[in-house]
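Each chain gets a letter, A, B, C and D, in the order it is written, and its residues are counted from 1.
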């Protein structure tokens, strides 16, 4: 079968990659790359796709250089147009997408009107508060095969009327990838990344659309808390810059105000091998990235989620939710770094997001699709 | 409150109009017009919106002149871009849309990313088989207020996790419009429209995306059945041309092959007053238009739905479902035209789609929205 | 060399085809098809390109279904976006376009910013009054190689500062095509096209942008004149429907008002072989198509150009210019059909648009391009 | 008259502003803002337009976040679509644009097809080598009124066939603006901008499309030269970041490699009053900005143009052209900073780009347009 994957950002490609790698054993894979992958400001991550030796069949620019809310909907308009042209020419048997970003809804719409099967990874996740979240469920109503990261997600899709034969619990495919990445010794890593302190915390914070106006002040609170903690306990903060969503310039602005400060080290993005080893060795993950929910339990590291961005999500016991309060953030940092009982518990946590077999399970689910049986393409909602 | 309505085609505007007319008593209404409204091929129905004295704030072209499947997704791309520009400038408090067409999903996406309330009329309808149908449910997952045409639809939305405070059964707003339209005496109407026979059947047939390849042959079967029936029993068929969906050229082609035939009269579109009086006086409605389900029970006329386009839909006893079979179609035409017991039953039918109070009920539902309460804008799915 | 041709309409493809056919002997040719080629309303002429066995690398929809002036500029926006995606992926050495329509300026812009050579056929033509005309000259200022239809055109390009090494007089490539088309005997043709009269006039009339408001009334004058002439002298008019430009619906509307009239026969488009034989046998060509200027002298038939659409153009003695006046039009029809002296002169006319060697000459000109010499890509205007 | 201005970047708005300010005394002015004006990366310069109290009627995003060549043509596609929607709604009498960037050609195309007058400032400039340059001439072929910065430019337009009544020499309107900007004392300015040395050179360097591959290495040469000069003679370099053209990331990258170096001070953009006073007090302007040609003679400061970006342009004696050679650059820096005879000559230079009366002259030229006389809208090329 010919399968077209659509990807727009590094974080989502990291989930897609192990699936495509497994799929390419038996199928023809091609990729349409868009969004931040094509942006030098976001480190031009197309290069990683090319390095992974996938056939990139179209470059569809969809990231508009603005911090206004209009950025994402206009980007979807562009994606749909470019992708329609691509799908008509390539004529794949199915499209595959991950998650809740622009690429997922654009692919879902194109697949729907062009009579193509849509495989959706990571539906049914009950998170709320961000513009991404309702999109995820809209995509589920348009998708023909659901590969869920958690059992509870699969149940949610059945509840909202998705037919049982379409729904699979497969787990988080990124684990297969993490597992494969060679271990870099901590010393070597610290030297390579010029982090002159083994005690560091990784900070990743993205804007939340429903709190767009407060992005800057919230980031300031986060940074003040980390400054206090790091300077008090001789820690470093390693900050990875935010994604491209509206409000991200506010976050960058807040971060850039702390320049030449010793406790703070910044990266736009890192090569996958460095990034994964950075996380493996961190004392804690802080911010509001979905990594704190979906990946931190695999690493068995403490995760501190600040604010409302991951509200509603199933999580393991290693994730703490705190409000934008300096006291609360510092308290949870202390717990994450110094509470031995808590750290011991984390070592034995139960992970709701499966294990490293997800890519295989997704391939098996896809194999069940019979293009000649119209039950696959015609969705009978409810 | 400032409310922006998005409309793309006459059939959907006829549902929207009575709602907007009611809303404008207390609110500022503006309209973005798109799709077939702007097409001379579809009779340039923008003129009716202008005649109704609404402020049209942007003309967003989205109807591409092609019969390929790619037409609709590319059109959505255009709509989203034009509408994003419009919404940013007009800055309305909410957007309002009807149904399941391109305009509904485009408006839902723009509203979602731009933090605007989306009012959706006609969600929860369990029809399947057409590209429109999953779109309707995707829009529901993005909408903030649901005004349902049938009680069963409202229940469906609750089942798929929509929060109770967002869901209302209001009935079909087009009834208010039909009721208001002055009666034209049959004789006068026949003369005006040059229909020289009081016994006529109205035919409206649209393409079905999941049977795109068979559109032409299916239409031929329909036309052959009607030709036989009309010539045998001295009836006329009044054919209204199809909508703009891919496959519609095939339907037109089939119709145009019967030129200069006395039993067949064709119209692109008709002024609303003529159209409604045409339906009031028809012996039956045939084809696969949603009118056969949603409006025919209000007119209390027999409706024959050919094929799979309205599968799964709740309907009153006046609607018969038949396959693309000449025998079956003729049989159901005979029943609709000559079976007095059936016609008597139809006069007493129970209509699941409410009554002419829908526009008022929709206004009342909208009044419940409190823009300052974040529960309205933040959707907690499930 | 890899050459990408961009084509949007049958009339322009007929000029392009013999060039591409010649070029494909030594080069890799691919085509991006757009506009009316993809529209069922315009007879889906993509099929002819496919039949000619060219590789079509992208279908770029650019024809919006509306009769408003905005249609063409929005179409160019779409073309540029789709073509940019196509050119980046295909990475041709050069782009080739003909004339003055949307495709020419879109290709010129894409070539300019993407550092590709643009070959332009038919620059330097001093016609004015239509939106197309200034576009032709704008394209010339962006093109890197000019293949002119007339010597005077080549001179015009030198006057406006184009460097001499870029400018070639090649003649009209469509003649090579016309020459090759097999002759159908008149009797056979008339039967095939159901034209029951050997005395017929071919009518092709397009809207003129600067007289957009008058399109309908001007067409009525044309039709009234032809009706009078045909009914008086027992002639037929064979009307070919207009192109897709704004105002074309007005022309169609005017034509459609004469239905069931014996003197008038209508075609949307005709297969090339039928069309060329239709012209070969016509008594005269009337309207305002560029055929009346550019091709009629090759056929040696009288051409009557009504109104301002071809003003300023070099022409042979077989072309008469008349205003929108019934008397004048009838007078010129009489001259074209009955004035033997005039008809004899036409048989010996001198054609400024060259002969059937144009495709070869264009190939030779293209061979002069040296991609490694920066003089070709860097235009030194003036 | 209602006049719609289209602007996409600060440098071009600075030329447009004094004209619009003069025009608004007698006309209704509105602005469509696009491109870098809407980008936080380029300092969101829309704020200056708002501060100048113009009515901004649409925000048209056209700056795609990528450094690939495809960025600019795709941006023009977006601009044309958004602008077509805007022009149809606003229905201005004319459009006004400056120069040779995306906005100029987009506006020219929209005006052409929508029968609107286009006023073009800065046509006829014979510069070559950049993608902008042929665009400028293409716009001239589409424009209805030409306001030229230099007499020689006006002559060039006559040579290329523009009708005499359309062509005016008005001079550079930015001078009126510069003149009005209050003087900040050098001491105050240096303090405000934290420049701790009165001897500084301003560096502005943009990518050149025809040398896209060499952008980075060329910038390195420039920076090495300045580093040597500044460190040797105790000077500072004040670097203003480049525009948004493809290749600009390479320039930023090169600049960012010199962080924490004392000789180098960087700004994204500066408020107009600061910027103009910065230039007033600089020892020299270096790089390849058009300021070095078009504005430096008004300031009477030495300008060093490195490389081919301004080739072909008329210039005063204060501008030196040097290749990308460290020796040559240093030599010309010495001349600019230390050669008293040269500096004296500069004080008495003759400026080919007029004086501060340009805005008034442009208004007078626009007043000559008679919308009812079709000679204005119908261009008779040649």
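FYI, contacts are C-beta pairs under 8 Å (C-beta built on N, C-alpha and C of every residue); 3 or more make two chains touch, one makes a residue touch a chain.
The shown structure was predicted, so the numbers you read here are calculated from the model rather than taken from an experiment.
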Longest centre-to-centre distance from chain A, chain (CA-based): C
Of B-D and B-C, pair with higher C-beta contact tally: B-C
Where chain B and chain D are represented by their mean Cα positions, the distance between them in whole Å: 52
Centre-of-Cα separation between chain C and chain B, whole angstrom: 41
Chain B, residues touching no fewer than two other chains: 59, 68, 70, 74, 78, 81, 85, 88
Chain C - residues contacting chain B, complex: 36, 38-42, 44, 59, 61, 63-68, 70-71, 74, 78, 244, 249
Touching residues on chain A, where the partner in the complex is chain C: 57-60, 78, 81-82, 85-86, 88-89
Contacting residues of chain D [partner chain C, same complex]: 68-70, 72-74, 76-81, 83-85, 87-88, 105, 108-110, 112-115, 126, 128-129, 131, 133-135, 137-142, 156, 159-161, 209-210, 212, 312, 374, 377-382
